[in-house]
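Should a chain be cited, it is by its letter among A, B, C, D, E and F, assigned in written order, with residues numbered from 1 in that chain.
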Amino acid sequence: MALLWIPLLTLFGALVPVFTTRHGRRACTLATLVAPLLALGLVLAQAPAVLDGEVITFTLPWMPLLGLDLALRIDGLTLLFALLILGIGSLILYYAGHYLAADEDDGRFLAYMMLFMTAMIGIAMADNLLLLWLFWELTSITSFLLIGFWGHRSDARRGARMALVVTGAGGLALLAGLLLIGEAVGSFAMGEVLAAGDAIRASSHYPLILALVLFGAFTKSAQFPFHFWLPHAMAAPTPVSAFLHSATMVKAGVFLMARLTPALGDSQLWAISLSLVGLATMLYAAWFALLERDLKGILAFSTVSHLGLITLLLGLGSPLAIVAAVFHIFNHATFKAALFMSVGIIDHETGTRDIDRLGALWSMMPITGTMVILAGSAMAGFPPFNGFLSKEMLFEQSLVNNVLGALSALIPLLVMLAATLSVAYSLRLIWSLFFAAPKLTREQKAQPPLKAHDPARGMLAPGLFLAAMSLAVGLFPMTLAAPLVNAASLAVQGDTSPLLALSLWHGLNLPLAMSLVAVIAGGLVLRQQRRLADIAALFPARDASRVFEAAVLRVIKAALWLTMRLENGSLQRYQALLVLTALAMVGVGLANLETLTGERGLQPLDGMLVLGAALMTFGAIGSALSHRWRLVSLLMLSVVGLTVSLTFVRFSAPDLAMTQLSVEVVTMILLILALFFLPQRPPLLVSRRRILRDLVLATALGGVVAMLNYALLTRETISIADYFLRESVPGGGGTNVVNVILVDFRGFDTLGEITVLTLAGLATFKLLNRMKLFMPAGNLEGIRWSRHRYPMILAVVAQILLPLALLVSVYIFLRGHNQPGGGFIAGLITAVALILQYMARGHDWTRERLPLSYPVVAVSGLAIAVATGLASWLFGYPFLTSAFGHFHLPLIGEFELASAMLFDLGVYLAVVGATLMILINLGRVTTLHRPRLEER
Amino acid sequence: MLDTALMISLALIVLALAMNVYRLAIGPDIPDRLLALDTMYVNSIALIVLLGLWLNTKTYFEAAILIAMLGFVSTMAICRYLLRGDIIE
Amino acid sequence: MEALFSLVIGVLTASGIYLLLRGRTFPVIVGLALLSYAVNLFLFSTGGLNTHAAAVIGDSITPADPLPQALVLTAIVIGFAMTAFVVILAIRARSELGSDHVDGQQGEAGDSR
Amino acid sequence: MSQHLMILPILVPLIGALVLLLPTRAGDPAQRRLSVGLCVAQLLVGGWLFAQAAGGELIFYALGNWQAPFGIVLMLDRLSALMLLLTAVLALGCVMFACAGDDTRGSHFHGLFQLQLVGLNGAFLTGDLFNLFVFFEILLLASYALLMHGGGKERVGAGLHYVILNLAGSALFLVALGVLYGATGTLNMADMARRLGAMTGDQTALVTAGALLLVVVFSLKAALLPLYFWLPRTYSAAPAPVAALFAIMTKVGLYAILRVQSLIFVDTPAAEAITTWLWWSGLATIALAGIGVLAARDLRPLIAYLVLVSVGTLLAGKSLGSTEAVTALLYYLPHTTLVCGALYLIAELIGQQRGKAGTRLVRARRLHQRQLLGGLFLVSAVAVAGLPPLAGALGKLLMMQAAEGVARLWFWPLLLLAGLCALIALSRAGSVFFWASYKGEVAAGRVSRAQLAGVLWLLATAPLLVGFSGPLSSYTLATAEQLADPATKITRLFGEEAMPATSLALGREEETP
Amino acid sequence: MKPLGRFLPTPTLSLVLLVVWLLMARSVAPGQLLLGAFLAVGIPLLTRRFWDPLPPVRHPIKLAWFVLVVLYDIVKANLQVSLLILTPRREPHPGFVEYPLEVKEPLTITLLANTITMTPGTVSTNIRLDRSSLLIHVLDMREEQALVQEIRERYERPLKEIFEC
Amino acid sequence: MTFYVIAEGVIAFLLVAGGIFAFTGSLGMLQFKDFFMRLHGPTKGTTLGIGCVLIASMLYFTITQRELHVQELLITLFLFITAPVTGHMLAKTGLHMHLRFLTSTRGSVPEFRDEDVGQSRVARPAKARHPWRSRQRRRRP
């Protein structure tokens, strides 16, 4: 349980600064420090056991399906990292409290730092690969926030994004790798994975796993060629750099490699890739560190270089090399953090980080100077600093390796070269900052000379502590570092780790000589630094970051191009695609059809059918061909509509025929209304090829649909129809089975249908709101509108028809259950009769006489239907259960009442309301606009 | 006899419909086409009634009523459109 | 007869699709209407093509399958609702976009040719 | 009463909508209260149903007391319960957000919103294919109307495309229904399944054609590759609460595919073809939508593409076929739906405070509430990009784990690259919105309490889904298992002798009052 | 008539409705009668506001006679027109005639116009805005004045008598 | 028995007559030279034709089913109400739209036209195809 508290403490710690920021900077910093220090205490409490070689674990099942557990562990490696993260982290938090400018949002900053710390601690402690990945990605996100903390600066934004993208991409690759590992092992638990090294290496995916995992690790650790994000990340506030690039973020990659060494290591591939990448990174970065002018840039490149060194050591893979690697992780963290902090101080005090502008600072800021000298010497690998120890070990290991076969001999030489460069840039840092005179350009000379002094103690203390630490470790390695390092390397390489003696003096041996050579050569190189820089300037630097940014930009551009090409905003294309897809899919189905004509015999033709077919074909093709003569097209459409209803008559569907007819009329009116507002004869704009394409598509889909239909028509099926025919009278109380289905068997569909209708009414209402309209002054031929506003004869006929139509609709409604008819058709008849009034007499006149709110009519219709359905609950039956009965009244005789009729009444009202809502609203819009037109 | 008469009548109506369609197709003006369409509506009443006679049923009779009652509404609408532009003022 | 029926449905569908692929809103609407006729007939025909077989008990000896008829009725109504909506949307689009092109971009300029 | 509980997700919003549609003045607080109350009620009902379904029990509700396959039967299994609950959660957030003032920009917002929920809930509950069509139409028409809420050029233009395409889709839907009814003679899904089982030869070929056509229609709704081009523009144009609700619209298509394929076309040749289609077009959708994410120059289309990525992921995942895959996608689904919804709301908030620049990815004035919005954006971006620690990452992990063999070769890289694209695009967007601002006056407008409540409600689900990932994933596992076992549904509905020949006799047993 | 006026504002219409109802219902069962009566009373009440005040029928017998005359004319007219159509060699002489109206009520004008349309080779085409005259298209015009006279005598006068005075 | 024969004869006659009337109505529509003449066919011939068929139907059902079938009267009623109105409105429209008529037509119409339309045309025909544009153009001065 204590283990769980460590990340939890830091997580909750992230909240502390948010709430304490209003109490002042100092209080906030101190309060924030509580959590990591407590966590550190918890870690230290576990330390003795861990140092004895124990592995402490804690598991809480989280998502067993995924193999993800909330599993934490502390072993040597974790201990090392936890101490670095929490220890150095606390120091940096303290430092940050002094570093930030007074007006900056320290609460947010510290919160981000704490979040990041949580993520890091999580990586170090994860006892489950997936959990590790979760935290891994979290570090990417939080580092994005930290690097971009000064988001108003464009370099900060760029740096942050680059870091996120590169490490995020690495993280995604890592995920793939980890999943593959998990599959090879059968578990994501760290213990099992680490123990299953052989299984993984034997897996056929091993190279892939390795590539993916290493990609993740290399991007995180800024290994060549993914190093470029790190220098750009220097746009962050210095405490961030100090934390991220000394002890944490970049170390995560190294940590991962170290952590997975038992699982993935011990293979040729591993050794070669690690050592080659490590070497290349080490050299490349060291060279750039020497040329860099920005102080933080120098440190960034040196970080990269040192990470390369560690990678190389891990690649060499021998027990001692691993010890060296672990030791160097520790060493690098201490001196690099100190260096970053001092650079931060210099930046803070002088306002610049340009190494050429700075110089001779010793007299002004001696304490800072001391700090830099101590830490810088450690970085250069001077005795008696800790850097020296690990470097000696590296030299030693480089001499005994044989990873590269015949080329292995090159390694010591290259390592020495790197060491030389490292000495050179370390010395450059110390020398040019504190002792040499600034190399100023003319304009810079014109500016007043820099004035600086050592900052407050709070800002100095953490750095000094760390610098002193690196000296102390160098002096007393056995006491201060050996147990930890041993425990850590034990964790890295299983139980074969030799207990190592660390000491400053190894005697006169080859590594010592190599060190000496490196120091001397380093000095020489430094003297030639100017010249080297000039030489380097001859070759225009192809900065990888530029390449990367250009690549991202190009990808985005390409993406934009492609997207615009695909989504050209043309509905015609989208529809063509829909048609094409449908065609392809149905084609697949039809391709399996053996014979088109099924077993059912064909019925004979007669003249009426031929006529009907001819009419429909004529209408359909006619309206397609005349689509530019819109009114004609509409008339043709009307022919189709009429013929469809005749077809329904012919094939025994009277209800459908009636519905179709009345819907036809209403649709017609609607379309004519539309015609008024749309251009009547638009130009032909499309190409012949487009027309041909459309024709082909249309014909193909038409053909396919016809084939489907034909195949269906000629086949027998047993449908559920018989049931309806049988149950209609006893169960539904009506002889018109279609109507009984509509209001009873499938009344729910009908409820949905009238909902749709009502919705359509409301939706059109919405659309017509505040609509501006185009209104022609004359018709197609250029003739002004007639002045006969309301033709008299029409008005009289409308007047006569209204009561008759109402009577008919009542009749149709009442007979619906037993004979063709029903609420729907009745509703449409009523609606049409009313619309005729509107047409004959105009909106205002009719409105005055019919003060009904159509939405209310429609909604109440729907409400009646629902209420009818609900009523069945009272009797304990499901929604919409119908009831009917035959009653006998004297004088009137027998008659039938059914709840379905009430439902049908709802349908009727909804239809009337919705239809009128749609048409009248549209009509009303024109009424509002018409007067303007009349004026002229 | 009745059957023959029915068939003759049907044939005549079918021919009438065909002629309507022809007029609808050739125009030349919108009112001509409209007239043709309206005549089609009226003729189809006859068609439905004859079908009813043929099948000896009155099930489809209401469809004929509907055509008689509503068919002219769309013709009116188009007339109004041609005369006044918008059909509901 | 079946073949003729299918053929007509095919022609209706094809005309509808052709119109649907036009660039102006009005033909598209007409195309949708045609398509819905085709679809309704299609759906209707799944109950078989029967003459003198109205699904009214006592009216015909072998009534047709009433279910497709009920479905088509629902489909007609829904189709009407949708047509109504799209018609008014087209008007609105012309009012907002200044053109009756479905993509709204061709503008009135296209009309003057 | 409890036996009627199942139909409440349809009736509650329907009745509520009827009340809401009565004329009142816009922005009536009573109306808002009612609307929120209705959503809460649906949430409660959804929760109750979820709890019931979690036990593995299948519940049927025969409307009008007509037994299947003759009447319409609602069916509640784990999948529909999950979708119902998800809808209710999403809807509540959207409504709360809308109450801040979006609802007054046009008429009838709340009523239409509830009707949209009627459509959604109905589609999730119904066990009848034609009824599914009806509910699709309800939800579509409501969505058209909601899309137009507030009007404006962009909306109308986008709406026209959306509407016309969907109308064409509806026509195809009917054709497919016709084919299926014509070939099987029934509309009830379970009944259809059982009749298909006894079918041979040419009839199956017809059914395959119908099934594939059906899937084309659902793919249009779900926005799969050749059919998704309408989505970015439409979703970007929609008013924020509506766009947020639309996050579930694509999932309706997915649901329908899932339902149809797992219940009806289980072992038919159609199933195979559907799988192939879903696989390739799902993958292509991921790829192109990922590219679209990169290309987006405005936050709203960006989110739309993210929705598409999730659609592609889900459907490609679906076609992996295994129970694990279905488990994974069902786990991923709620998360991505809710987060995309939240993201639309946040985009609206950002747009509000950036003045003219809106949500375009250009420098603009500083946001008034940068901290708040930045925080919200960060959380939602992390969630939607599938980064830890939120459920998106877990969902994606599950999906990846479910891919096996060769499938993995396509699925993994695409999924990961799409994630990377999202990462790049979202980090760009975030840095533009919250870091790269002009100095000078701060844009006006504050996030109202209702808006914040809506966003937080949706966003809060992200950590919750992580926290309860264990139980949830075991629920989705159970769901997947239930889906993989259509036979139980059929026997539960029709009794033991589930052979097609006897089916016609079944109807005799029930009685009507 | 007066007390009935409230419930039966237009008895003629009500009667027509009742008859139509019984026609449709195809039965004179008491139930249908009752229902028909209810509707015959209810629908006019509902639609009363849509009716411009109509002139009452003053001479029902004349109306019946008029109807018979018109029916006869229709048949006659049709035979004539059919003959005209079926014998294409005979060229008809079409023409427009302006017919000055004497009747002023909308209903009577409408009835007149309709009658003209239905009968011998004439179609009413337009009515002046001030209702002063009617434009008639004649299919085969011999004598303009005779036609006007015929219409006046045969149709307009009876109509005027029936409705207007 | 003879009753039935006679009835059958009457019905058959009515059917054929109806068919012929309807046919001539449509034929007239096809044949005549100008719109106004074409109008005469359908308004009269077809209407009467349908009337005949309806009467035939009425008789047939009344006789075969031995009960009074007079529903057809309803259709006739509607038809007689609507058909002349259609004819009138169509003629009005034709007049309004300046449809050409035979040069031999006697009488004149311009006066009516002027009253109906006001001015003769809105604009030049070429422009008038796009009334929305022409309208905007005119607004400018």
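A few remarks follow.
Here, contacts are C-beta pairs under 8 Å (C-beta built on N, C-alpha and C of every residue); 3 or more make two chains touch, one makes a residue touch a chain.
Protein names from UniProt, one per chain: A = Multicomponent K+:H+ antiporter subunit A; B = Multicomponent K+:H+ antiporter subunit F; C = Multicomponent K+:H+ antiporter subunit C; D = Multicomponent K+:H+ antiporter subunit D; E = Multicomponent K+:H+ antiporter subunit E; F = Multicomponent K+:H+ antiporter subunit G.
None of the values given here were measured: they were computed from a predicted structure.
Path length between chain E and chain F in the chain contact graph, taken as the least number of steps between touching chains: 1.
Steps from chain A to chain B, minimised over paths through touching chains, total 1. The greater number of contacting C-beta pairs, out of the two interfaces A-D and A-E, is seen for A-D.
Of all chains displayed, D has the C-alpha centre closest to the centre of the whole protein C-alpha set. Averaging C-alpha coordinates per chain places the centre of chain A 40 Å away from that of chain C. Between chain A and chain F, the centres computed from C-alpha atoms are 66 Å apart. Here the CA centre of chain B is 22 Å from the CA centre of chain E.
Shown for chain A are the residues in touch with two or more other chains, namely 569, 571, 575, 579, 634, 650, 652, 654, 673, 675, 679, 705, 708-709, 712, 719-721, 724, 745-746, 749, 753, 756, 759-760, 763, 767, 774-776, 779-780, 785-788, 791, 793-794, 797, 801, 804, 808, 819-820, 922. Looking at chain F, one finds that residues 20, 27, 39, 41, 47, 69, 71, 74, 77-78, 81-83, 85, 88-89, 92, 94, 96-97, 115-116, 130, 132 touch two or more other chains.
Shown for chain C are the residues in touch with two or more other chains, namely 16, 20, 25, 38, 40, 42, 45-46, 51-52, 54, 56, 59-60, 67, 71, 74, 78, 81-82, 85, 89-90, 92, 102-103, 111-112. Interface residues of chain B facing chain C in the complex, by the touch rule stated above, are 55, 57, 59-60. Within the complex formed with chain B, the chain A residues making contact are 607-608, 611, 614-615, 618, 622, 631-632, 634-636, 638-639, 642, 645-646, 649-650, 652, 654, 657-658, 661-662, 664-665, 668-669, 672-673, 675-676, 775-776, 779-780, 785-786, 788-789, 791, 794, 801, 804-805, 808, 812, 819-821, 825, 829, 832, 835-836, 838-839, 842-843, 919-920, 922-924, 926-927, 930. Residues of chain E that touch chain A in their complex: 13, 16-17, 20-21, 24-25, 29-31, 34-35, 39, 43-44, 46-47, 49-52, 106-107, 109-110, 113-114, 127, 129, 131.
Contacts from chain C toward chain B in the complex involve residues 51-52, 54, 56, 59-60. Across the interface of their complex, chain B is touched by residues 8-9, 11-13, 15-16, 18-20, 22-23, 25-27, 29-30, 35, 38-39, 41-42, 46-47, 49-50, 53-54, 56-57, 60-61, 64, 69, 71-72, 74-75, 78-79, 82-83, 85-86, 89-90, 92-94, 96-97, 99 of chain F.
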